[in-house]
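This report concerns only the one structure given below.
A, B, C, D, E and F are the chain letters, set down in written order, and residue numbers restart from 1 in every chain.
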C-alpha cells in the first residue's frame, strides 16, 4: 500500500525546508504498518504556514491539482497535510482514492476514546474555525472546548520544552475546567513535535496526534476497501 | 452609500459577458434605496460558473484580492456574488467593511418570514453544500429541505419559462411534501432571472431572491453602522 | 414607504410620555433611508413597561387590535416596539404587511456578524425568556450568553453614564468569559439611549441596537417585496 | 387535595355551556384518586374556542387574573384548560401553587412511554405552534410529527364516530409513515370526548388524553410537595 | 392499585438489610395516595450497590427475571429501584405493565418545574452516565449540570447531617454557577434520606426526590390507563 | 500485535458452531495487516443470538468477565463481537486495553465517508436501539435512516443470495428515499457474509462491513498507542 502525505504549500516556506520535510517523511513512515509505504510531497505554490482561513483558501487550488496528479501516479490514499482539512470536500470531488483529513480523522478517533474531547489549537483565531470543523464532522455534542496555546506555527519546532509546557498548561485547563477526558493536538506541526505520549503520561488522558492518526486512518480505509462516497462528493458536473 | 457587487470570476466566462454584467448591474441598482449606488465588478481569474465545491475554491483567492482593492477604493460594503458564499470567512478576515453573503442573508431573511424554509438549488451536487451552509448560519432547525431544479447555471438564462416551470415544480413539492412555508432561490443566476414574484404569486408563499436581499442587507448593515466582528474574523496573525 | 412603530402600551405610563415618545419618533426617523417615513404610535391600554412574561401578555391584545387598524391605514410595515417580540405570531396571523420584531431582527443580524453573540437584558428574570426567544429564532447554537445589567427599564433614561457603565461591565464579561464576539442590546429603552457606538468602540465588538435594526429590517422587507408567510402564520379559521 | 381546572374563556361561548361544563367537571372528578377534589371554573372574558395564537393571547390576561383569585381561595394546584398551555409562564410568575399545562404534561408523559410520539392537533394552523410547544418542553428530538385532523373544536362533540374516525386515520399515518410509537391528543375537547382507549385498542399504541394526564400530573406534583421553580418563573419585579 | 418497588440486588448487600428494606418500604407506602399499596422486594442476585456501569450491567438479568414474575403476580406497575434506570428498555421489552424508571420520571418532572435543572450524583464516575441518561430522555437542552457530592452510596445513611451538607454545597454551586433553577437527587439512597424538603427550603428551588416521584409516576400511569408502547419496546422476536 | 475478537455468547448456540467460529476467525485474520494476529474466542454463557435489548443485557456480565481474563493474557486490544456494542462502557471501566465496538467504529468510519449514512439492521425492533447507538456516538446529525431487512440473525447464513437481495432492496431505499450516501451493515452476521463489496458495486455507495472495520480500528488504536480515556470510563470505585 502506497500512501502520500501532501504538504499544502512549498517546503521552502520553512527554514531548512528540505531537512524538515525529510524529518517528517521519516516519522510518517515510522507510523505505518509493515507493508505500507508513506511518501511526502509538497505543493509548489501556497502560503508558508496556515494560520487563518485566508491562508487555508490560498493553499487549496494548487493542492487539489497536485493531488489529482498523485492519484494518477497510483497512490492508494492521500493525506491532506493540514489539521484544518482545507478544501477536503473539493479534493474528494476531484479524486476517487480516499482523501484523509487529519483533523477529521483525529476528531472521530477522539470521539471513540471518551465522552468529551478538547482540541488544542495554535492561536486565538483558530478557535472558531476548529469549532466549525468539529460541527462539520457532526460531533459538536462531544466537544468540550477548543483552547489556543498561543504559539505561532513557525516557532513550534524552536523550543520543544516550551511547546510541551504550553500544551500541558492548556491541556490541564481543558481537563479540569472544561470537562475534557481526551485531547487532540490541533496542528500538524504540533503533531510532528512528537509530544503526545509525554503529554498523555502527565495529564493521564489520551492525546491524539493527528500525524499518526492520519496514517493509520489511511491504512484503515485502504485496508477495508473503502473510499469516500461519490454520491456525497460528486464529480463537478462540468468536468 | 457606495456598495460593490463582486462576480467571483471573469465576466468573459459567459456568452456576451459584458451585456449580462451590465444587465445585472442595472438590476442591482434598481433594488437599491435612494442614495445608494451599487457598482458591479468582475474578478479577472476564476471559473466560468460555480457548480461545485472545487469551483468555489478556485474562485476564492483572486476574489479576496479584488475585494481588498475595492475596500481601499472606498466602498462601504461588498457583496460576494455567489449564493454559496465561498470564502466569506476569509474575506471577512481581510476586510473591515461589511461583506454580505447573499446566501447567508437570504437564509436569515427566510428564517424571519416563517417557521421552515426550503432552498431551491441548481444541481443535485449542490444539495449537501447548501445544507451545510444553512447549518453554518446556525439555522438547521428551520430548514425544511434543499431541492435541486436540475438546470445548469449557464443555461438558466436561456429559457425563462422553463426555468420558472422547474422552480414551480420543486417549490410546490417543498411546500406540500417537505413542509416549507417560505422558499429561497439558491443561486444568483436564478435570482437575476427575476422570477421570485411570479413564483410567490403561484405558490402563495414568500420567495426570497438573493440578489435583492443582498443589496438590502448591505444597506441595512451600512445604515446601522455595523460590520462583521473582527473578534470573530480576526486579521491573520502574519499579516 | 411608510412604516409605523407601535409602543405596546400607553405613553402615559412614562413620566413626560409625550416628550419621550416624540424623542423616540425623531430618532426612528433619523435611522431611516431617504424616502422612508417612520411614525410612532402608542396603544391606549397596557402595562407601563414590560419586564416580565405577565406584562408581555397584558400588552398583546390591545396592541394587535391597534396594528390591525394601522394596516388598514396603509402602512407598509409595522414594528412591534418591545425587544421580547410579545405576541408577534398572533400579530402575523392578523396582518398581511410585514411585522418586524426588533428582537428577532437583531438576533438574526447579530448572527450574521460573528460566530457567537450575547444579549444584554434588563433584569435577571429576563434571562430565561431571552434564551427562549433566541431558540425560537432557531439560533440557539450561536448564543454565547444572556446577561442582565440589573437596571429597571423605567430608570434607564435617568443616568446615561451609569447605564453605559453597566452595559460595558456586562458586555466585557460576555466577551471575555462567555466567548461572545458580538453584542445585542436586549431592550428598546436601552436602544433609544443611543449607546451602541460608544459601547462598540470601547469593547471592540459590534453592538446591535434593536431600534435601528428594526427600522432597517422593515426597509429591507418592504424594499424586497417580502412579508411573512401566511402559510406559517395563517389567518385564524374562525375569522 | 383540591385542584381547579380553569376554562380559559366563558362557558357561554359553547352551546349549552352549563351542561358541557358540568359534564367536563364530572369527568375530571372521575379521573382523580380518592381524596382529590377537582373543581371546574370558567373565565368571564375570552374567546369561544382557541384555534389560533391570536385567540391564545386573547385568553391569557383574564385567565391569569382568575387563577390568582383561585390560589387565594386555597386550591393546591391549577390546571390551565387548553392544550396549547397559553400564557403558562406568565401564570407561573404570578402563582406559587403548581400550574399544570395539559400539553406540557402530556408531552412529557408521551416521552416516557416510547421513543417517538406524534400529536394529533385540530386544524392545519395548529401544526407549527404545537411543534414549538414540544421544543419549548425540550423534547423536539422525540417528536415524530404533528398531524391535524381538520375538525373545528366547536364541532368536535357533534359526531363522536366521525371524530374517532378522523383521529384513527391520522393516528395510523403517524404510526406507519412518521414512525410514532405513542400518540397524544392535542386538544382538550378531543380529550373530553373520551376516545383515547378505543383509539389505543385499534392502533395498538398508547394514546395520551391530556384531560386525564393533567389531573394526574396535578396529583403527582401536589403529592410530591413540588411546585414550579420561582427562580425560573420569578415574580415580576414591579409587583 | 398494587405497585412493586424492586431493589436491583440482594438486601443482604447492606448492613441490617432487612431493617433498611422495611424502612424504605414504609416510606414508599407513605408517598402513595389512598388506595395504592406499594410493596418492596429485592432480587436474590446482584451487586451490593450500583456505582458504575459495570455494576449496572451485573444487576440487570436477575432483576428482569424477577420483574417478569412480579407482573405474573398481578402488580399494576413496577418501579426499577435505581436512579440510573439500568436495563429499563430490556424490562419494557419483557413486561406489559408500566415499568417506572425513577431517574427518567424525575428528569421529566424537573423539566416541567423550570428551565434548567441539575442532577446531584454520587461519585465523579456517575457524571457522564447521568448526562447520557438525560440525553436518552431527550432533555439534554434543559440540563444545567451534573455534580457529584463525592459520598459513596453505602455511607449515605451513616451521617444525615453530612449528606445534607454535601448536597447543599453542590446544589448551591449548581444554582449560582451552572444556572440551575431546579435540582434532582440522582440516587435512590439519597432520596430515602428524605432530605429534599430541607434542601429546597435552604436553596429556594424545587428539589426532586426520585423515590417519591417514582411512586407518583406509577400512580399517574396506572391511573391514566397508560403503559409503555410495545411498538417502542417490542417483545424480543425469539420469545 | 495480538487482537482478540470476543463472541458474546457460546458458539454452541449456532448449528455447527465450531465450524462457523473457525470460519469467522479465518476471515478476521484475513482482514488484518501483516504483523497482526487476530484470535477469536466465545463466552461460555449467554444468548444464542442478540436480537433485542433483553438479550444484549443477558450477554454482558459473562462477556466482561471473559474480557478481563483476555486482557490478563496479554492481548493488545479486544473487539466486542456484536454490532450493538452491548456493555461497552462497562467493558471499558474494567479494561485498560482498547475495547473496539464494531458498531461505534463503523458509524464513525461511515461519517467520514459522506454526509449522511443509513444503517441496515436485522429486525424492526432493532431500529430504535440503533438510532440510540448513533446518538450515543454523537453522530445523530449524520444519520439518514435505520432500515430493517427483516431476516433473523440465525437465518442470515442460510441463503446468501436472499440476504444480498434484502440488503440491496433496503439499501436502495435508503439511498433514494432517505438521502443516504453511505451504508453500514448493522449486524456482525451480516458482515461475516462478506457482501459489502457486491452491495457497494450495485448501489454505487460505500458499504461499511463492521467485521472488517473492527479489526482495522483495533490496529489503528494499538498502532497509534491509544486506548479509551480512564477519565471517561473510570474503574468502579469499589473495585
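Some observations on this one:
Definition applied: a contact is a pair of C-beta atoms (placed from the backbone, for glycine too) under 8 Å apart; a residue touches a chain by one contact, two chains touch by 3 or more.
Worth saying up front: this structure is predicted, and the values here are computed from it rather than measured.
By residue number, over half of the contacts seen at B-C repeat in one listed pair from A-F, E-F or A-B, namely A-F. Counting C-beta pairs in contact, the pair that comes out ahead of the other among D-E and A-B is D-E. The mean-CA centres of chain C and chain E are about 44 angstrom from one another, to the nearest whole unit. With centres taken as mean Cα positions, chain F sits 53 Å from chain C.
Here the spacing of chain C and chain D, counted between their Cα centres, is 32 Å. The set of chain A residues that touch two or more partner chains comprises 115, 128, 132, 181, 232-233. Across the complex, chain D meets chain E through its residues 31, 33-36, 104-105, 108-109, 111-116, 137-142, 175, 181-182, 196-197, 204-206, 208-209, 212-213, 216-217, 219-221, 223-233. For chain F in complex with chain E, the residues that touch the partner chain are 48-49, 51-58, 60-61, 64, 87, 89-90, 93-94, 123-125, 128-129, 132, 135-136, 152, 232-234, 236-239.
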